[in-house]
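Encoded as structure tokens, here's the structure I'll be asking about.
For reference, chains read A, B and C in written order, and residue numbers begin at 1 within each chain.
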Amino acid sequence: MERATVNQTILRAEELLVQRAGRTVLDIPLLEVSRGETLAILGPNGAGKSTLLLTLALLLSPTKGRLWFDGLLIDRRVDWVALRRRMAVVFQEPLLLDLSVYENVTLGLQLRGVPVSERARRAWYWLEQFGIADLARRPARDLSGGEAQRTSLARAFALSPEILFLDEPFAGLDAPTRAEVIEHVAAVIRDAGITTVLVTHERDEALALGNRVGVLIDGRLVQLDRPEIVFSAPTSPEVAAFVGVETVVSGYVVAYQDGVASVRVGPHIVEAVAAVHPGRAVWVCLRPEDVTLWSEDAVGESSARNRLIGHVVHLRPVGSQVRVTVDCGFPVVALITRHSAQALSLNLGQRVMIAFKASAVHLVGR
Amino acid sequence: MFIGRGPFVSLLAILTLACSALAHVNSSAPSHPSNSQVILATTTSIQDSGLLDVLLPMFERRTGYVVKPIAVGSGQALALGKRGEADVLLVHSPDAELEFMAAGHGVDRRLVMHNHFVLVGPLEDPAGIRGIRSTTEAFERIAATGALFISRGDGSGTDVLEKKLWARLGDVPLGKSWYQETGQGMGATLNIAAEKRGYTLTDRGTYLARRKGLSLEIMVEEDGALLNVYHIIQVNPDRSSVVNAAGARAFADFIVSPEAQAMIGEFGVSQFGEPLFIPDAGKREEGLGK
Amino acid sequence: MDLVIEGARQAMIMLFTGDPELWSVIWLSLQVSGTATLLSLLLGIPIGTVLALTDFPGRRIIVSLVNTAMGLPPVVVGLFVTILLWRSGPLGFLRLLYTPAAMVIAQCILATPIVTGLTLAAMQALNPKLRLQILALGATRIQLLWLLIREARLPLLAAIMAGFGGAISEVGASMMVGGNIQGQTRVLTTAAVMETARGNFAMAIALSLVLLLLMLCVNAVLTMIQQHRRPL
């Protein structure tokens, strides 16, 4: 196939259908991945995320559908191994072979017949990048979980893939390691400009890495858009339920003192318990159940550090609770009991005060 | 390349090396007749006596044939001959042999040697048959006292003779609690008889070779009915295209040759003070044992 | 008990004085069972791997057949191989009956299901996702198989031990298809049976001890390799 210009779409799937034992696991009418972007597929467990990833990575044949990689239609006649050699996949488990760390990192290159000197050059570069160069001669089975996942990541990056697939690569890590590795991977992807498809059920991962976020529920891609839109304006109740109806707004850190960061969000300053240096762009995330509502004049009554005035723009009963959206220069969602709603005699347009603790604010780097 | 290294691979290599010589195992004979393998079906009593260990190397050195002796009961030896699965038979089951010859399965049946069967039993001799001259009479006593009798029960020459002797008294006592069949060779049957303190009928050769480790004594011997005669029979090559007729003839000629007969006459003398077999080539069968 | 001591003494004397007959029997046992084991590995490891990694109609039936065949009675194998190799039988033209090759065939038939079954188990014990990861690293089918076999090499060594143990300790089939011919097809087990029948118990015990010693040596070597890189 002749390509006059560089194809901006590196991967394209059409009418993708995967069925297992008669049940539809995946049904994607259209999905395109652009060169250089990071697409995060977010969805609950069992939504078909891994199936989608394996299909896109040419590790699983779909029941039906067409797939193009770099403009080439993938069918039985193309050399799948050759195409897979332009990709890399990192799974949730490190899946290292019983070799040394160095041998694991060079394994893909060795399978491709890359000369020894070139293997060494790339392997050492990525071992350094992921801070595991001093472990190079260690047997992979002696590694800790974090070290093993770094090795697995270095192994994938050493392949210089045209597209990188990440299947919940941070899920097996303990919290401090996880935050560190996510930040590291985000930086590497950004710097190297590697096209990446990430599947995860963690909202903060999608926020930290994704240029676009797709929400996959029951095998269907129900929303695909920029992260802040997906999180602040879910197009369906399913998405809303899954993304947690969270308040997600962008801001940047203006000050940091004694473990508390001050973040400028629109016209307001929000305080958050987080170790983030001033100048960093972040997502400010807030769970609706952590937000309390007060009448406008009850300023002195709440002990919470963040108190903002706004007006009610949306009211919706959810079971025994009511979901309230308050516009205070940016939308904030709160979940309160019906009883409280009645006590406040909430109406659309009514001015209220919202309050939330600094410890309830979650900052995600962007 | 680390993928190709490691203990697993070296192990495979060692195994391969260890086995490579296998192809050459069978190439020791000096000269090679066109079809060099001769299958000799013979009896366990011959094999267990060790006679073949001295006869075969001599034959193989002289002719270049390689003999494959298959030690089975006379019954099975004749069956293998009938199918053409053996070339030459050295057996001791006269009635069955005559039947085999009459049916045209064999050619040129020749007398090789004989010894005697003996009736052996435990030292305490529960049936009280020590010194009786007639085997039939001894069998009668065993049956009358219900003393344990161990039979080969494998259709061998020994077994056939033993059943024939029982038949003279009426029925073979199959199924009687005191009459037990082992279904095994002579050596194994002697072991079992010794362990269970039973009587059994054995060829003299095997008994002499085994006597040391057994608590069994000869009870009846030198009865004309206990003559144990070995013949060599070449399998009829007209019946089966796969039979090595030349090899069979060469072996049959060898075993009745003066050198082989002399060797048979010597075999066992140094160890037991008497020969295990009496060479008989060229004699008349009717005159044996008299 | 005297017999065992006498047998052990005789075994030591024969081993250290280099008794040519005993050594030829040992050497032949090693060659026959070694070749049979090697062939069973060449057959069993790929078959077991394919059974573990693929799914096709009839796979479950084959797996249960393999599991059943892991306990094939040697006598049954011996009988069928004998009938096949009879001069008048379907493979008679090969002239293999009563040769070491026939014993190799019989022992191989006994050892292959053992190796196949244990390979299958070893491969199924691997993380199923490992296969996807290796493919994702750009492996061809052959590279995939090799890497998986390499990953499972410790349990596969157990399969080799079991296969070799089954082959060298087997007597029924070897006796039937080999004929226990002196200098040609007499191996440790058939010689031990024969010496027992001959009443040479000391010799039979000596042969048995040599057989045990041999299995001990082979397994010790394999176990050393197996445990070599195992952490405690």
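As a convention for this text, contacts are C-beta pairs under 8 Å (C-beta built on N, C-alpha and C of every residue); 3 or more make two chains touch, one makes a residue touch a chain.
Nothing here was measured: the structure is a model prediction, and the numbers come from that model.
More contacting C-beta pairs: B-C or A-C?
If we tally the contacting C-beta pairs, B-C comes out ahead.
Taking each chain's centre as the average of its Cα atoms, which chain lies closest to the overall Cα centroid?
Central chain: C.
Using the average of all C-alpha atoms in each chain as its centre, how far is it in Å between subunit A and subunit B?
Centre-to-centre distance between subunit A and subunit B: 85 Å.
Provide the C-alpha centroid distance between subunit A and subunit C, rounded to the nearest whole angstrom.
Computed value for the inter-centroid distance: 54 Å.
Between subunit B and subunit C, what distance separates the C-alpha centroids? Give it in angstrom.
Centre-to-centre distance between subunit B and subunit C: 32 Å.
In subunit B, which residues are in touch with two or more of the other chains?
As it turns out, subunit B has residues touching two or more other chains at 3.
At least two other chains touched by the same residue of subunit C: list those residues.
Correct list: 147, 150.
Per the contact definition, I'd like the list of subunit A residues that touch subunit C in the complex.
Counting only subunit A, the residues touching subunit C are 54, 57, 59, 81, 84-85, 87-89, 91, 93, 95, 97-98, 107-108, 111-112, 139, 141-142, 155, 159, 165.
Of all residues in subunit C, which touch subunit B in the complex?
Residue positions touching the partner: 28, 30-32, 34-35, 37-38, 41, 86-88, 92, 95, 97-101, 104, 146-147, 149-150, 153, 156-157, 160, 179-184, 194, 196-199, 201, 222, 225, 228.
Please output the residues of subunit B touching subunit C within their complex, sorted ascending.
Residue positions touching the partner: 3, 6-8, 11-12, 15-16, 18-19, 21-22, 25-26, 28, 37, 39, 44, 47-48, 50, 52-53, 56, 66, 68-71, 83-85, 184-188, 190-191, 209-210, 212-214, 240, 242.
In their shared complex, at which residues does subunit C touch subunit A?
Interface residues on the subunit C side: 127, 129-130, 132-140, 143, 147, 150-151, 229, 231.
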